[in-house]
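In order of appearance the chains are A, B, C and D, and numbering begins at 1 in each one.
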Amino acid sequence: MADYTEREMMAISAGRLISNGDVLFAGTGVSMLAATVSKRIHAPKAVVFFETGGIDPSLDELPMAVSDSRVMHGTCLNSGLVESFSIVGHRRLHTIAFLGAAQIDKFGNLNSTCIGDYHHPKVRFPGSGGACDAASLASGVIIFMQLGKRRFVKKLDYLTSPGWLQGGESRKEAGYARGGPIAVVTNKGIMKFDEATKAMYLAEYYPGVPISEITGEIDFDIDVAGAKESSPPTAEELRILREQVDPQRLILG
Amino acid sequence: MSLTEAVQRFIKNGSQVALGGFTVSRNPMAVAYEIIRQNIKDLHIVCHSQGQSFDILVGAGCVKRVELAYGANGRFASTCVRFRKAVERGDIEVEDYSNNQMSLRFLAGSLSIPFIPSKSGFETDLLHKEGFSTEMRSHRKVARKKFAEMTDPFDSDGGKVVLLPALQPDVALVHAQYVGDDGTVRIKGLTFADIEQAKAADAVIVTCEEIVPKSFIRLDPDQNSLPPFLIDAVVRLPYGAHPTACRLFYDYDAKHLNMYRYMARDDAGFRKYLDEWVLGVANHEEYLDKIGGSGLMTIKADPVIGYRPGLDRR
Amino acid sequence: MSLTEAVQRFIKNGSQVALGGFTVSRNPMAVAYEIIRQNIKDLHIVCHSQGQSFDILVGAGCVKRVELAYGANGRFASTCVRFRKAVERGDIEVEDYSNNQMSLRFLAGSLSIPFIPSKSGFETDLLHKEGFSTEMRSHRKVARKKFAEMTDPFDSDGGKVVLLPALQPDVALVHAQYVGDDGTVRIKGLTFADIEQAKAADAVIVTCEEIVPKSFIRLDPDQNSLPPFLIDAVVRLPYGAHPTACRLFYDYDAKHLNMYRYMARDDAGFRKYLDEWVLGVANHEEYLDKIGGSGLMTIKADPVIGYRPGLDRR
Amino acid sequence: MADYTEREMMAISAGRLISNGDVLFAGTGVSMLAATVSKRIHAPKAVVFFETGGIDPSLDELPMAVSDSRVMHGTCLNSGLVESFSIVGHRRLHTIAFLGAAQIDKFGNLNSTCIGDYHHPKVRFPGSGGACDAASLASGVIIFMQLGKRRFVKKLDYLTSPGWLQGGESRKEAGYARGGPIAVVTNKGIMKFDEATKAMYLAEYYPGVPISEITGEIDFDIDVAGAKESSPPTAEELRILREQVDPQRLILG
């Protein structure tokens, strides 16, 4: 591959999906990078906020958790959880949430709770946190996932965060006023969801990645007919990411 | 009141305890350590997203039952290490909610209303799968149902709503930056759900970085968080949230959290951590000595920007 | 944005308007005067306890419909004078709630939940008597029912609960002490239900005493009240809440409020007040000139204690 | 009468009903005086707060409305309405509310909304404000009323704030967890409520006031069998009330 890492490509790809004026709900890890990248490069008027209640921090240093004191500095408001979730779901705002998970299915539903039976799990993960709420209430969700057959599964062991549920109109029928997953940003390409069926399809593969390398890591059928090669990160995108966003490579590794 | 007395008086075997803070910030660590030293058992923990204080209480065997949204510690633990082991071993009873759900449940408790509606979580396993058995649901302070669904009586289209039961824990633990000598509490930075938790609880223990004069804390009451008459115990414990952060006073102790993560991986290592850092120190002063003066100064926050710029956090 | 433009853009005939402040404090007076000058009609006012801005809008004939808990002005009017006349004459449609009910309704609106439970008001006429007719209840922004009663699904004893419908007004009016040049709003002193009202509304107009640099307002964000992205118009209008008070900036103008009470007693007197103080001045600057420099200084607040000590308030 | 006014006697009488440690919900007018008097003379550890959200202000000057900036100075907390009503109803606190009204009935139910039909009232009053909530949620209520047959009525024109409803157990059965009126402080004496029937009875008449002068101003039957003469205000009570609480006689008149 070229002179950039998968993580760098993921952060920059996600950033490109953001529009100026969006209000971004950021989690930890790559999602924190992506939010910061969006703000610094692609959408300077986007507002980044955290479920903990920190709204629009200066982010002079990269936070390592959503409760990091770095999300409380230079903000317009320091509040709390009740407040932050009222923002995620506010009808006046176009809110985009960045989420990760342990498992994803064909309709973008997510599991971040457990592998195996809920009452006697083989592996326990942290749980929803604000993921279920962001997936329920935000205008849209961008998901970060490493590819892998144990991650892109036919059936989730536990449905923590609602995607398009069973596809079609099922999300709306379940009681959700808006939202749903927009894209899945992986280490090798980007998936989106069909407007009618809400099934996941391959939209982009990263430069030089063969499509079979992607489909080989997904345990359900996925339409690849319209897939295009992504444009690589520009020198400027990489420079800002490396020099300004995560100079200590805390998340870039 | 001393830390020892505060814990003795307000936390019993089986108490329902709301932990303040959020993952790596303002955890009530000194109180958690004292709970472990006093060997209190069967706690029912209620929290949204908890990290260090939660994990160490679970690891030390003080916890029987948990209602939570998230057990992790930012980049220091993608899942709380001892929590994960306890669940996988079946050592604790867990009921999962989301952060919005848990914070709304505390809000309802603080407003003395029995439940609160939400539009989050339809058709997810958070609603479909119950962690607590019917038998547990007859226990004191456990909600009779995980949630209820209903049709919105004000919506002519018959929209659905999830009702979440209020929480009113036995005791809420808060670590604040300032408490006035009149008992007024001021939390700086994000309050998470600390204020709702304290107002919802039957008793509130506040540990703080500084006790300041009433004349100072009442000069700008707009900034204060809790009135004196809801607070049962105030204990001045500088660095009482270590190794988690306390905005304006100190950053998280990244080295310590990395050490914890490493030691907590196996039972023997965790035991060693406990022996050394919790049971092996008689009180908070000895704990501070063990961290050492330079250790405290390394993470001391810039008092304006609130954290330690340039801190080595790898 | 100018006051004229803000009102033109966001307040229409028939708009549902939430008034900020409480009886004699931080009323959006300058906006109310501008609404009267622009001759906007059929407003649907939603508020908890309103005084001066409410009464003058009702008196000027701008209001068709009201949901409120209280219409009075402290010791200056035990019942708002023109409000009382309008109700007794049948000129306006009134739905009564309580302060707790109205503030919870705004809270629900701000949280995007459709209703909120309450344990207040069982077997009172607040619940038994409906002010709005069935026909009015099909109107935009009017709740389908005044309230609903239900059995608490989490209570094994079957306790009753009142459900109150959320409010999401077309526009909320806030008079704040400070707004940053980035749009961040800071209210000092009691916030009443201003924050909930603003978060619940489709649009928010903020008038303020001062616009301050972003560097100042973001230095201690714990003190701020509303984020920029919920604010649609900011207008700097010093003394924009006169004759009501604005903590830290000025006290209420007791002489003016007494004059108003006296003049508002009969229709001709009220008309004269309007002609002189509202319609007779083209804008806020002329209004300030009419009060006069010494009038403003007489009520200027001690900037530390927040009001004018020793002010003649008889 | 002696060298004190009815208002002074009312404020001091109400103050005497307060215990140290009580949390007092104060309204405007005489109720503001009574709260201040309680705090300054009878129960220095009592906490005065206002429905507007001001908790425990220094009250260096007497507020003329519950939204007066004077209730925001020296407080432990400046908040808002949602907060203040959560305090009125808090199970951990013994909260006493001071309320006035236009009409009262035998069971201490109050009307502060209107005279005549609700839809076409003869006289409109301000409405509940926080009165219904305080009467619903507080541990107890102390009512201030001027005597008069149009005020002490057989049937309210509108029930704004719940007292003992129809008496007996009816308040509890209606859904209230606690509370109810404790006393009615009038210009000529003090009424309380029978423990079992919850009917109003005359507990005290002010020094020198004939009982018939009280019963003559009440439009329902009232038990006067156990009524005793109140002790007059002490010189110290009057001195503090006049010199410290309301030196401008803004409310004392």
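In this section, contacts are C-beta pairs under 8 Å (C-beta built on N, C-alpha and C of every residue); 3 or more make two chains touch, one makes a residue touch a chain.
These figures come from a predicted structure and were not determined experimentally.
Participant: Measuring centre to centre with CA averages, how many angstrom lie between chain C and chain D?
Facilitator: 27
Participant: Quick check: how many Å separate the C-alpha centres of chain B and chain C?
Facilitator: Chain centres of chain B and chain C, defined by C-alpha means, are spaced 38 Å apart.
Participant: State, to the nearest whole Å, the distance from the C-alpha centre of chain B to the C-alpha centre of chain D.
Facilitator: 41
Participant: By the touch rule stated above, which residues of chain B touch at least two different other chains?
Facilitator: Each of 104, 111-112, 119, 159, 161, 189, 222 in chain B touches at least two other chains.
Participant: Check each residue of chain D and list the ones that touch at least two other chains.
Facilitator: Where chain D meets two or more other chains at a single residue, that happens at 72, 78, 82, 85, 89, 137.
Participant: With chains as vertices joined when they touch, what's the shape: line, ring, star, complete or other?
Facilitator: Shape = other; not a path, cycle, star or full graph.
Participant: Which pairs of chains touch each other?
Facilitator: Those chain pairs which touch are A-B, A-C, B-C, B-D, C-D.
Participant: Mind listing the chain B positions that touch chain A in their complex?
Facilitator: Touching chain A from chain B are residues 21-26, 48-49, 51, 68-76, 78-80, 83-84, 87-88, 90, 96-104, 107, 119-126, 128-129, 131, 159-161, 189-196, 245, 247, 251-252, 254, 301, 305-307, 309, 313-314.
Participant: In their shared complex, at which residues does chain A touch chain B?
Facilitator: On the chain A side, the touching residues are 28-29, 51-54, 60-61, 63-73, 78-82, 85, 88-89, 113-114, 118-133, 136-137, 158-162, 165, 170, 174-177, 248, 250-251.
Participant: In their shared complex, at which residues does chain B touch chain C?
Facilitator: Touching chain C from chain B are residues 104, 108, 111-119, 143-145, 148, 150, 152-156, 159, 161, 163, 165-166, 188-189, 219, 222-223, 304.
Participant: Chain D touches which residues of chain B in the complex?
Facilitator: 110-112, 180, 182-184, 199, 202, 217-218, 221-222, 224-230
Participant: Once bound in the complex, which stretches of chain A touch chain C?
Facilitator: Residues in contact with chain C: 23, 47, 55-56, 58, 72, 74-78, 82, 85-87, 89-93, 137.
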